[in-house]
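Worksheet for the structure shown next.
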């Protein structure tokens, strides 16, 4: 298999961008496997995802660096990933374990190009099963009083392990703006409602009380504004008058799993760009 | 075809209700075709829909009246409909005509057991096509200044025609509490968002701005609290970063049509009971 | 919690069945929580599922037996389940483990009122993980030559353990008519296509080759006619020209999991009746 | 608004195609609005759809012709459409009129960039309503004996009107291989099942008899092999044991409408390429 590069570019729109990018790749011996782009005419912003294979002899790391330099030179923010590289991922989890198991089993089934390198939990409930999965597990207690210290400890671990992505798999704690800012890398969260409806706590109770006929789940990047981050993916399921809050919780688990799993997949395949608190998803 | 009755009952829960109701029907020569019930344990309320056929010789109207009396006697609010009866329906419409055409074509295709007896519009755009459909059409201008008079005129028409149901088929006006109270019969509205998200005006603009990945439509009974009425049905469709507000509007038209059409169908088949601002839908 | 009984009845239609059943329950101190029924007018068959609570002092086992006798006396095939009873279930699995993990995790999360008492596999791949799950695991090799012996061994184990339901969680072997007949209890299978399309082997290859835009999964009861058993549940997912056979396989795993999980749930909640190679699902 | 061109290209894969195409457009003063491509690695075929705007002064027709010549020169089958051009479309319809109304109302709502120039029917049922829609209507009786003559008459009309696309909106006749060959332009058909299941006649009866839990509709290009043409789009809806064949027919109407409507939309926006009896849909 020849090496494959995936670049994500974004920046001010200008004539000839597709031509410039594809021209560079052609001149540098690449063969475009797939390219997708989006132009937000109102905002005057251009986005592109391009995936190309290199000749067998070429040096993917050097080509990636050269492409990033080229991207800069045409005014585009550019990031290139190299096939085979496996970014390190940490899962934050509390006691609800359905998303946790789902993510790990998908990873073990080969669905995710990453390394799940660390599990952090404010409960000990998943310690034994983490050991069965052979993934390092760290218990860090979080209380109102210890939250700052706990986050400092979490951040130290993330840094030490070189974590590139945090997944909040129904981690029932809010990450502080300081945490998000210090970590400085993406954090994906799953919210158990079809945002913006029923933001905040106990969304299934809210949904039941309002008598809606659809419940939902929303995967989004975590931002300092709780439940306001850029939405990556959403799914819904039908509910009826027969369904109790407990039924909604159970049905919701299915939604949460598939919605988070898809969002993580897109992220790891470098399919997502964020701007103006929205996402462009090149699926 | 022997006559068929459909009863909707609701009231305080008590032991043996299913037995009492089915016993009465059996003793009165009926044969239950379908029965469904719901018990809200928390609220202590019981709901039932029961559909039964009568012997060929029987008098459906007398049996219906007798059953309503029986329902009262066991403490249940009871309403019986007789197969073949076609309640009169009025459609309120503005300029957006997709739900309007959809409802009328379904009716003409035999989907709705009703008579669409009246079209009321604050625009003249659909006058000619209403004539083609051979349905009486009434233009009633509505401005801030004339709203009270316009509603009085609408109410007089509804009364005169014996209208049992009003369908707001993207009628872009709010009906006043006085109108709803005076009419005293159900009014179904279609809202172009998955309520409670994006209540109020321009929901597609709101949805686009928030960057959601699903848009929705909600059919509900109109109540004095705008967009807060009991939800009957909801549907969603996927949207992506590529979709402009105009795309959302176009995709939304499909949702609005199927969602309103389904809600009207359930209402006309006497499948809906309302309590605590929610609906029980016996589908 | 007072004990709850769930009865499934089916038999020739006759007047007053709902009344007779609900009358019996009322007279025997029961309170109907939910009842649903279906009448196939063409076939002249009546189906009912009725769920009722007993007074605290009553003996559920005696009442269940009495009801079954009553059901017989009115000509209905009747089966009663008692809340809290947990039928023993065996999972047959090969190497594909997504449905296997999904079922067990749902069971551990409390979704299934049963005991997963046995795992039977023709591969050793899931031996260690079965031990982690603390579920007895039995490896039984199956080759063309040993199939009859293998099935005999399987049957002996099922009998010894008192298994009431077999779930084929992507068990890549066909169970012989003799096996099904000897076992004499339900076997649920998941087929990875939207039957009847693409029956037989390699359905994802067939789907890819035909260029369909939807792939599906079908949960059904196993019968001697391969892939022809009564369908319990079906789901589909969209695919596009971009999707390779491998993509279909991956997308299909999600479908297979949720479709099988739902079918098993309905079965264990006594919601399914079979007739004329179809299912009545009281969901 | 500056003129916009849309090109569809397909042909043997080769290195640098994206670069060549985007380079040509850039050098000829175009600005790419959107480009999408697909590479079938197994078949060694490359497909591209590219949409670009021209400078205000430019001549779209000349540029389109030049691009087609360029496409030929690099070995790609190339077709260019010019924004504002409205191809003429004929609808073939029988007595079932739901797709017929749906298509025409969408067209009148501005959803389709085409001219519905002709309605051909083997029944007179829709003559009056066609007149209301102000669309030329032609009744052509079709019997076994007259079929060849009828098709000759149809073909003459299509030629005379310059029809570019025929839509079979539940036209209950099979078009002969001779018709398809002589017409030589695309024909879109809607089949009322999720093909390849239940091909042929009475699919709703077949589905009801098999006891499936999903029914479907399939829009495809008509080919001499009945129901075997390249699939454009498919949708499904849930059904239950309660649904009669009539219910399936009614539910199916919704599916047929939205599935055909979407397929027509993609075709008219030049989003579809056909190869190996499959479609590439650049949606």
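For reference, chains read A, B, C and D in written order, and residue numbers begin at 1 within each chain.
To be clear about the criterion, a residue touches a chain if its C-beta (ideal position, glycine included) is under 8 Å from a C-beta of that chain, and two chains touch if they have at least 3 such contacts.
On a predicted model such as this, the values are computed, not experimentally measured, just so you know.
Novice: In terms of C-beta pairs in contact, which of B-C and A-C ranks higher?
Specialist: Of B-C and A-C, more C-beta pairs in contact link B-C.
Novice: Find the chain most remote from subunit A, comparing centres computed as mean CA coordinates.
Specialist: Relative to subunit A, the chain with the farthest C-alpha centre is B.
Novice: List the centre-to-centre spacing of subunit A and subunit C in whole Å, with centres computed as mean CA coordinates.
Specialist: 36
Novice: How big is the gap, in whole Å, between where the Cα atoms of subunit A centre and where those of subunit B centre?
Specialist: 42
Novice: For subunit C, what residues touch not just one other chain but two or more?
Specialist: 38
Novice: Residues of subunit A touching subunit D in their complex?
Specialist: Per the stated touch rule, the residues are 15-19, 22-23, 25-26, 31-39.
Novice: Where on subunit D is subunit C touching in the complex?
Specialist: Listed in rising order, the residues are 38, 194-198, 210-214, 216, 230-236, 240-242, 276-281, 283.
Novice: Can you check the complex and tell me which residues of subunit B touch subunit D?
Specialist: 97-98, 101, 105, 109, 111, 129, 132, 250, 253-254, 258
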